[in-house]
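In what follows, chain A forms one complex with chain B and a second complex with chain C.
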Partner chain A sequence: MLTLFFDFVRRFARNRAALVGLFLVLVVVGVAIAAPWWFPRNPLRIVGRPEIWPFMSSRYPLGTDSLGRDIAAMIAHGARTTLLIGLCASLTATIIGITVGATAAYVGGWVDELLMRLTELFQTIPNLIFVLTIVSILGQKIEYVTIAVGVVTWTPIARMTRAEFMSLRDREFVQACRSMGMGSLRIMFGEILPNALPPVIVLSSLVIAGAVLFESAVAFLGLGDPNVTSWGQLIGDGRTLIRTSWYICAVPGLAIMLTVLALNLVGDGLNDALNPKLRDR
Partner chain B sequence: MPLLSVLSLCVQYQSAQGVVRAVDDVSFDLEPGETVGLVGESGCGKSTLGKAIMRLVPTSDGRVFLDGDDVTRMQAGALKASRKSMQMIFQDPYGSLNPRHDVGTIVGQPLSVAGWSRRDIKDRVIELLGQVGLPAEAMRRYPHEFSGGQRQRLGIARALALKPKVIICDEPVSALDVSVRAQVINLLEDLQQATGVSYLFISHDLSVVEHISDRLIVMYLGRIVETGRSEDVWDRPAHPYTEALLAAAPIADPRAARSQARSVLQGELPSPLNPPPGCSFSTRCPYAQALCREERPILRDVSGGRRVACHYDLLKQPAALPRVARVAN
Partner chain C sequence: MRRIIIRRLVQIIPLIFAVIVMNFVLIHLAPGSLFDVMTSEQQITDPKMLDQLRHTYGVDQPVSVQLAKYIWSVMRLDLGYSYRQNAPVFDVIMQQLPATLILMLAAVGIALLVGVTAGVLASIKVNTIWDNLISLGAVFFFAAPSFWLGIMMTVMFAVKLGWFPVGGMRTIGVDESAFGAVLDVMHHLVLPATALGLFYAATFARVMRASMLEVARLDFVRTARAKGLSGGRVVLAHVMRNAMLPIVTLLGLQLGTMLGGSVVIEAVFSWPGIGSLLFDSVMSRNFPMVLGVLVLGSLLVAVCNASVDLLYLRLDPRIKAR
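Presenting the complex of A and B:
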């Protein structure tokens, strides 16, 4: 197993862009972890004169916003929110997607029909509107935003899982398990899933990037959790001053862009490392 | 009482073009400690028959009795209990072992499903690996670290884990190198000596089947065309299809091969979607008469415990029939 792991690392490292992405992701994770020590006080607190431009003051390296809040502190604390929502939403989407996809493929027949029609139904609803609807029904809390994003983004994972399960379901090692009387759940999750997981992990990593964007959009529209800083919320707050103090939007915008780009690069790297056969064709 | 008794088993598939009878009205018995060889060309339903007996594919009619219990009507619980009496060895040693599990997990899986304790499983796995000629250290390694022959040994060890009475061997050596084949065959024979297990040995390779089998079953288009003791069938085939199969088996000595007159089968296997009327072999049979194209011959008893499904079996009057497609080459 160790040799397999080294193999994985070697293939991942062969992709330079993925290494850059991984570096950026680690920086963001580091900032998110360090935020409470780095900026121990509430980031939404007003600390100084409003609209100080970045690099003009040594106390506020990224400047202050229209209310005089420290943008650097909000970016650091926002990284926590953004990453947490991204990870939890991706986890939610992965769990729903794997359950639906695996059940559809393994059981087959009308269950498959039903679950796939349901998946298509979810796919046809415009994602952002669906997220906004869920958040406005459940309430403006960070947990609900996470759930909403997860509920919207599980469909590609379900379809991918189903396709993988379909090709693995009739393999001889699965028949061997059936012939020894193993239960369906154990076959699905103990035997087939570990083999179906690599492409699903790649998709899940991309869903994190998508979730970051969704969260930003929700926060930008003012439907995010008002008690928690997030990058999207910063952009939303700064948009009225875009003509004069455009940096208020630009700084968090840049943070979102780099994070999403980095996550996508890591996803590509994972794809290279986990699905070597697909790539080497 | 036979250990395994198959009665008029049918397996049907619904395809877009119609109903395919993959296995059609197949009956045979398997005695304790016996090896029955099941031969036929690709697509004749022999693998499907094996899987139907294991209930890996649904049967549409007929029954399978294992030790007097009807496997085809069993509910999940009873079926699980019966699994320990009947196990299967698969064709593809690369596809039949889960690449994500180590050998200890794979070989111990039937035991873990049967509810053995972890410690007992470990002891038994070491014993099994010894039985199939692999070192105990193999336990912590993964399938990709083994050769095809070694993997097939692992598959055999897994099938043996619960000390079954019947093992269905689905082309267990077809995917192996010729040099490894003999080793695996000998291993299967040694294990039979040691444990008294019965084999249903499915193969398209007659030389392998002849070597290991006590009795032979020849299938064509989902039906049994001939059964009998292995030597009898081999020495004097009663069905024209068996004769053609035997003639197609390679002969080691090239001079003997050249001098022998061989009957070569003409044409392709007919589509199972649309089997010919009458005898299903009539379209390719060198001896076919008008009757063969109209009426399907039943599987009837002939001399010495043999059964054959042919109107004009070769035991009765081989010389009297015109030999249409006998080619000397």
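Presenting the complex of A and C:
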């Protein structure tokens, strides 16, 4: 087991871009964890003169926004929101996707047909429009945004899980389990799933990046939770001032881009490390 | 061939049916109704009038009857009435749809042009500085939120350089000939279409590069070279044509995301399309309009997907043989 893990680490580390990505992700996670100690007071509090440019004041290294709020504090606290929503939405999507995909492939027949039609349905609905609809109907709460993003991003995971289950379903080890009288649920989640997991993990890590982008778009449109700091919301607030103070939009946008970039790089690295067969492509 | 087309179109029907049912569920999930909004905005205050409206909308009937009625009315393209625009929802959406279609088509065009060119270049010059630069660019544009890209492009090209207008679709107050109007719209279109298209260009570039490299290894390419065809001809007519197939698949899969992406881009550039309409309707809790956009948007994506599948059939005759 341990050698397997070292093997995994070695293969992951061989991809230099993935290491850079991992470093960036760790930085963002570090900032998110440190935010309450670093900026202990409410980041949405007005602290100084509005529209101080970055690097002009030592107290506000990233400047202040149109209301005089500290951008650095909002970025640090926004990292918490972004990561939390990204992780939870990805987890939601993974759970839905694995359940649907595994059931469809294992049970087969009309259940498979029905679940695949359902997957198709969710692939057809324009995803951001669906998220906006849900948020506008249920209300602007961080939980609803998370669930909505999870609900629109599970389809690739379901398809991948189904394909993996299809290829594993009739292998000898599964037949052995069946002949031992193991229950379906235990075979599905205890025996087949661990073998099907690597490509699914890769997809889930990429879904985090997608979820971060979704959340930022929702918050940018002003439909996020108004009481929680978020990078997208900061861009949306700063948008009216692009003639004079475009840095208010630029800084959080860079934060989003670097985070998504890092998550994508880590996802690619995981792909190389977990699916060595596909590496040459 | 016609049978395949019909079969593919018939597949859309249950899909749309499911969207309608889901819509209905969403309406009933909503806390507060249209009537609450109307009373709170002081549009209607008379309780008698409210009862009258409840009856017209059939809210006083059982849920199953409401569902049947809703399905029936959507089938007849009756998506309800929008008090905000004082017009039927369907008419308002149809009025805004062309702008969104123009934006999406332009974005697809830019994405294909930039993405395919970059992918082909990267695959010809594989593992050189060009390849690395293109891959780097693709990684960046793949991660940048489109609305942020749009704002940054506005700052650069509209505010600082003044090359393009900041937003809108037409210059207000200028009465031009038809040709001038087209040029005017195209001028307004450059920034939003680029902001929306670059993300997909990044995806296409990555896929195109991989697919070109894969096809270039196949036997028929060696044959083409052995025949004495020039390098450029082999790449353009033999490798590229076959490497385009995954791009077509991807395009079909991403149309839904693209329609969603155009909502945000339209909000950034105040482009008068479905996105702006949706945004306005979400803000004013105009649910008939929001759900109408959802239904018609899904229908649009379903039809586009079917057309992409049929296009695929034309591009790759091997599929028909199966």
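We take it that the second predicted complex is superposed on the first by the 279 of 281 C-alpha atoms of A that agree within 3 Å, B and C clash if a C-alpha of one lies under 4 Å from a C-alpha of the other, contacts with A are read in each partner's own complex, and residues count from 1 in each chain.
Note that in this section a contact is a pair of C-beta atoms (placed from the backbone, for glycine too) under 8 Å apart; a residue touches a chain by one contact, two chains touch by 3 or more.
Bear in mind the structure is a predicted one, so any value in this text is a computation, not a measurement.
S.K.: Following superposition onto chain A, is the placement of chain B relative to chain C best described as a clash or a fit?
M.R.: Aligned through their shared chain, the two binders fit side by side on chain A.
S.K.: Between chain B and chain C, whom does A:Asn195 touch in the aligned arrangement: first, second, both, or neither?
M.R.: first
S.K.: Per the contact definition in the header, classify A:Arg117: touching chain B only (first), chain C only (second), both, or neither.
M.R.: In the superposition, A:Arg117 touches chain C alone.
S.K.: Is A:Gly253 contacted by the first partner chain B, the second partner chain C, both or neither?
M.R.: second
S.K.: Tell me which touches more residues of chain A here: chain C or chain B.
M.R.: So, of the two partners, C touches more residues of chain A.
S.K.: With both complexes superposed on chain A, which partner does A:Met182 reach: first (chain B), second (chain C), both or neither?
M.R.: In the superposed model, A:Met182 contacts chain B only, not chain C.
S.K.: Quick check on the superposed pair: does A:Phe130 touch chain B, chain C, both, or neither? Answer first, second, both or neither.
M.R.: Once the two structures are laid over each other on A, A:Phe130 reaches chain C alone.
S.K.: Once both structures sit on chain A, report the angle chain B, chain A, chain C from C-alpha centres, rounded to the nearest 10 degrees.
M.R.: 100
S.K.: According to the stated criteria, A:Arg171 is in contact with first (chain B), second (chain C), both, or neither; which is it?
M.R.: In the superposed model, A:Arg171 contacts chain B only, not chain C.
S.K.: Can you report the least C-alpha distance between chain B and chain C in the superposed arrangement, rounded to whole Å?
M.R.: 13
S.K.: Please identify the positions on chain A that touch both chain B and chain C, taking each partner from its own complex.
M.R.: Chain A residues touching both partners: none found.
S.K.: Of all residues in chain C, which touch chain A in the complex?
M.R.: 14-15, 18-19, 22, 26-27, 29-31, 139-140, 142-145, 147-148, 151-152, 154-155, 159, 210, 214, 253, 256-257, 259-261, 263-264, 267-268, 278-279, 282-283, 285, 287, 290-291, 293-294, 297-298, 301-302, 305
S.K.: Under the definition above, what is the set of chain A residues touching chain C in their complex?
M.R.: The touching residues are 17, 117-118, 120-121, 123-139, 209, 213, 216-217, 220-223, 232, 235, 239, 242-243, 246, 249-250, 253, 256-258, 260-261, 264-265, 281.
S.K.: For chain A, which residues count as touching chain B in their complex?
M.R.: Residues 1, 4, 171-173, 175-182, 186, 191, 194-195.
S.K.: Which bits of chain B are touching chain A when the two form their complex?
M.R.: Touch list, chain B to chain A: 51, 54, 56, 79-81, 83-84, 87-88, 90-92, 95-100, 102, 109-110, 113-114, 142, 155, 158, 162.
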